[in-house]
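Lettered A, B, C, D and E in written order, each chain numbered from 1.
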Amino acid sequence: MKRFLYVAGLPILLFFGWFVLSNGSENFYAPPLRDILRAFVDTWTPQRLNDDVLPSLLRLLSGYVLAAALGIAVGVAIGLNRRLRATVEPVLEFFRAIPPPVLVPVIMLFAGIGNGMKVIVIVFGCVWPILLNTVEGVRAVDSVQLDTAKAYGVRGFARIRTVILRSASPQIAAGLRQALSIAIILMVISEMFAASNGLGFTIVQFQRSFAIPEMWSGIILLGLLGFALSLLFRLAESWALRWYHGLRDAQRKS
Amino acid sequence: SEDGGGDSVDQVKVGVIPIVDVAPIYLGQQKGFFTNRKINLTMESGQGGAAIVPGVVSGQFQFGFSNFTSLLLAQTKNVPIKAVSAGVSSVGEQGKDFGGVVVNANSPIKTAADLAGKKISVNTLKNIGDTTVRESVRKAGGDPSKINFVEMPFPNAPAALAGGQVEASWLVEPQLSQAKAAGARLVASNFVDAAPNLSVAAYFTSAKLEGEDADLVKRFTEAMNESLTYADAHPDEVRAILGTYTKIDEKTRAAMILPKWPTEINEASVQTLADLGAKDGIFDGATPDLSKLLP
Amino acid sequence: MLEVQGLRKVYSTGGREVEALRDLTFTIDNGDLVCLVGPSGCGKTTLLRCIAGLLTQTSGTVKLDGHEVSGPPPGLAMVFQEYGRSLFPWMTVRDNVSLPLKQKRVPRQRRDELVDQALEAVGLAGTESAHPWQLSGGMQQRVAIARAVAYEPSTLLMDEPFAAVDAQTRADLEDLVRALWQRLKVTVLFITHDIDEAVYLGRRVIMLSSSPTVVQDEITVDLPAERDQLHTRADPRFTELRTHVYEQIQAAKRGRPASIG
Amino acid sequence: MLEVQGLRKVYSTGGREVEALRDLTFTIDNGDLVCLVGPSGCGKTTLLRCIAGLLTQTSGTVKLDGHEVSGPPPGLAMVFQEYGRSLFPWMTVRDNVSLPLKQKRVPRQRRDELVDQALEAVGLAGTESAHPWQLSGGMQQRVAIARAVAYEPSTLLMDEPFAAVDAQTRADLEDLVRALWQRLKVTVLFITHDIDEAVYLGRRVIMLSSSPTVVQDEITVDLPAERDQLHTRADPRFTELRTHVYEQIQAAKRGRPASIG
Amino acid sequence: MRSKALLGLSGLAGLLLVIELLPRLGLVDDSYLPPTSEIAAALADELGTTAFWQAVGDTLTGWAIGLLIAVVAGVLIGIVVGAVPVLRAATASTIEFLRPIPSVALIPLAVLLYGTGLGSVLLLVVYASFWQVLVQVLYGVADVDPIADETARSFRFSTWARIRNVLWPTALPYVFTGIRLAASVALVLAVTAELVIGAPGLGKLIAVAQTSGAVPDMYALIAVTGLLGVAINLAARVFERRSLSWHQSVRGEVPA
């Protein structure tokens, strides 16, 4: 009960506030929440979810998984190797600063306009928090732990797997968490180009055809989607990092 | 604007897309057609209606530029806007229009009818591009329901076409000239197929401003009409002014086809656009009410 | 054979220069058990790290069996002074102890056997599935010891390994180390600040001076090889030796060699 | 007065339930110096954390001067067993020591004086500007001690505070604690696993049993108040007391009270 | 330090070389991805115009103000929410709900409120980069070593002192990562906002170059955006080295 209040309390309050404040709204672009909710029910039919949300989700997840693999792998390499870091960091920073919308055309040159392009756009956008956090996490591995591994001949891949990744995992988790919502954002951006279905495409389409309550309902759906995914993420994280949370909470709570 | 005919100059912001179509307003600004009428213009450029319409509705911009299908769409949703002057029109001649569908030189697509069942890029789905291209196919005897449209901004379309990612592209100037120069072949003039002398776009304002400051709207319309007429009569000056607000290189500027800028909105052609849109279902079953939109 | 020759180590981090070791020279035969004592901060840990190849010396050489040490040599086990930080918090006690064995490709069954034995020996049977941070300080230290013991190393470096355990457990662990040493003929270098422990455990005791650090003195512990907590410590020779070491350490702290008494 | 009554603490993290303390009852008068000994893992640290109000007990009460402890009481200083992690790596030694004083709003000049004195007393003069991770283990531990000493607490809790220092330094620090105690009339609760140290330092020694933990025994150290390393330790009464404690600890490890000898 | 700069330059040089070679070898059509030399020539032309520098100034203004707001708000809110468990539990779901809403979806709202002015850019920039900082701070606050925190508590540090002396230094490495993430997200959003809404700045120039088919100009401007990113990161790194000299990640860099 208390948990439920924590999770739902503030959102309910905010929605209620929105509902009341927007009730008499005359503004075309900020319609009453009542209308938005009605549009939500009408718009997001199972058919629509299947046609537009499902493909988006699939692209989103494949992009996210790819970004996670790439970000962690490259991040570990860069974090461990000072020279490599010095060499590639400026190039990475260069690409990181380029807005995905202007990069999409370049990606299209190489990857076409299919799902591949959209997945690459998602990867391109959400790999950064994972990469950066992995690099920092790897750099911050406790020196005594590293020495222990070295002294006992734990080297190569085993050292990375059993020591470095585990030790950096709290920070990597921070990156993965960031990347999740960025992936959703990038999903929308990628569907602004050469798309003919998808949640992002639909929202943009609503926006262009002045179906404003429908557009807001799409934004709410995005929020719900993000919330659901982050819930899943949190479950996975608390499982993978149970040692860490145990360690941090051990003295604090008990 | 408060004192109507006084000495004060109205500061007016116009939301435009920085493309060929809006050359007259830049030209008119340069020629002083607006300052003559106590209007001090500022151009705000946005990428399409998504950015411009909210700006006009909320009063951030006094006027905006948009194509008619978008305006009709807005009208069906009761967006409080009103067209105030013509914007740009099709040249009306097959093969000589400022927009059209192109394919690669070696493409098996020879006529508009062949476009049926093909993958065609348009800048925006469910808008003026796909409805008029469908009409081209329909008129040529093809099945328009089979066309597979994909959305792609004009600047990126030539690369996608050349790379074989789409089989045909609907382009407007300057991309049309650039693509043709690179070897692409024109297979349809969709604006021409849709209606004779199609009115493509218009300048519009919010219903609120129209009600509150009819005088300003009137002066703007007059200045606009003068600009349109002047631009239509002085293509060289149009080509020159393009160099100031776009980066189209000189060669392309000289080669490209300029649209027509009549001062009258061709109501019949707008009705045709409305009918085409309704036929393709882009209005969600609603019927646009032209009388509420047109001046 | 472990040869340390002219070893010097200067730390220079953040504008601060510390000469931790000035000039150390000594050798340890294979299968010897040497205790190292010296004032706090004199450079014992630094020395151990250099020997383990974890730290690069400023000058001088460390050779193991004739080869210069550049990285941790195979068959080396080390118990770190920072026992808490040297355990991996994401692993259970069992995994912590068995990880090095896995690296050594000890077959699974044998590994489990070794881990169980080692944990039993340090008195931690029953905590296999706990994480290190669920254990008390002394228990953590014993996990680190168990890890080194289970590894069956050929060289064992221990840095104040019994600092956090109670007297009784300490005595048991001392006997454990001697038993291991005798059974496996492992070379042991053992840092301690407990003089009795140094004399009780070692075949030799090396005393370091305070900074700038050199070898202050060295004695061979000529007590019988079979030692036990009650009798050995009661031996008059034991008392003699410990007094000698004590005096040297005090002299070291004052910064000059005591007249050998 | 510190009253501990029926204290019980059960850890339950990650599915593992450990009864660290079963039922502890004892009192410590203000200005007393009590040493606490017990087998490794018996719950000494847990007890100290409960007294400091850092950990909530499962049942029982801890009262300081009649008030139930719910958070750290004012005027309390604690030296943690994990000395390394209790120092802030981002601060210099000086800042680490003076930060609690700043919190106490000790004026700047007095603060500097106290810090200098404390560092001098633990033998760390000259390392003020170093960071903790540039120091040896024993030096880090002494910084933690200096921090507690400079604070001039009214209650001082120390958890194996001399575990990482050499014998000579340890003796000096023991005398430092006794001097502080006598000078400031501070209440000291001191955990150690060194029985000699417990008897030498304390006015009372409380012995804990091994898990499940209760108070195994308690003695009053009836040695003269003026103690020194040489004579006190040579006192026959000292030997008697230490033997008693030793036997109780051994009995505790076996899990039953020894017949009091 | 010198050799590090050299390595970094060689990395960038490699990138330039690849872009030069891709079109020259005919792997891509040079009218869509021109070689480095052509981009450089276009860039040189741009550098000579005042409009360009004006645009860089506009973009950087939007970026800096937006980033500042986002960082300050992110850090303050992050610490308060992170340090008070009740707040953290109560806001978690709302944060997760708001975070994935793309800034681009807020464009109509921004235009509605602020037109094409700086306000629009700021709204988008702050919205996007705020979350980056916030999430990093939340994770950083959770990373406090329990023993260090207990030490502070046992000495009865005030809440503020605990935040300043324990929480903040622990979270600092996370905050730096957050700032570096936010800095580039802010740049991305500043440029995107200009691109789509048409607020003055580099993005607007890019949009104009794009619609005009001036491909080398477009790439030149994109490159400028990227280089701004590199410069910003460089500054962040220097700052980080100074304030994190005690941290494992920085002190580990010094060869032992």
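Note that a residue touches a chain if its C-beta (ideal position, glycine included) is under 8 Å from a C-beta of that chain, and two chains touch if they have at least 3 such contacts.
Computed from a prediction, not measured in an experiment: that's the story for all the values here.
Under the touch definition stated at the top, chain B and chain E share these contacting partners: A. No other pair of chains has as many C-beta pairs in contact as A-E.
Spacing of chain B relative to chain D, judged by their CA centroids, is 83 angstrom. Centre-to-centre spacing of chain D and chain E amounts to 49 Å, using the average Cα coordinate of each chain. Counting partner chains per residue, chain A has residues 27, 29, 105, 109, 142, 192, 207, 212, 246-247, 250-251 touching two or more of them. Multi-chain contact residues, meaning those touching two or more other chains, occur in chain D at positions 11, 13-14, 49, 54, 82, 85, 131.
Residue positions of chain B touching 2 or more other chains, listed in rising order: 50, 54, 57-58, 153, 155, 159, 163. By the touch criterion given at the top, residues 27-29, 104-105, 108-109, 112-113, 192-196, 201, 204-205, 207-212 of chain A touch chain B in their complex. Residues 11, 13-14, 16, 18, 37-41, 43-45, 81-82, 84-85, 123, 129-131, 134-139, 142, 160, 163-170, 193-195, 246, 249-250, 253 of chain D are the ones touching chain C in the complex. For chain E in complex with chain B, the touching residues are 29, 31-32, 107-108, 111-116, 195-198, 204, 207-214, 217.
Residue ranges on chain A touching chain C, taken from their complex, read 142, 144-145, 147-148, 150-155, 158, 162-163, 166-167, 169, 243-244, 246-247, 250. On the side of chain E, the complex with chain A involves touching residues 3-4, 7-12, 14-15, 28-29, 32-33, 89-94, 96-105, 108-109, 112, 128, 131-132, 135-136, 139-140, 142-144, 146-147, 149-150, 173-174, 176-177, 180-181, 184, 187-189, 191-192, 195-196, 203, 206, 210, 218, 222, 225-230, 232-234, 247-249, 252-253.
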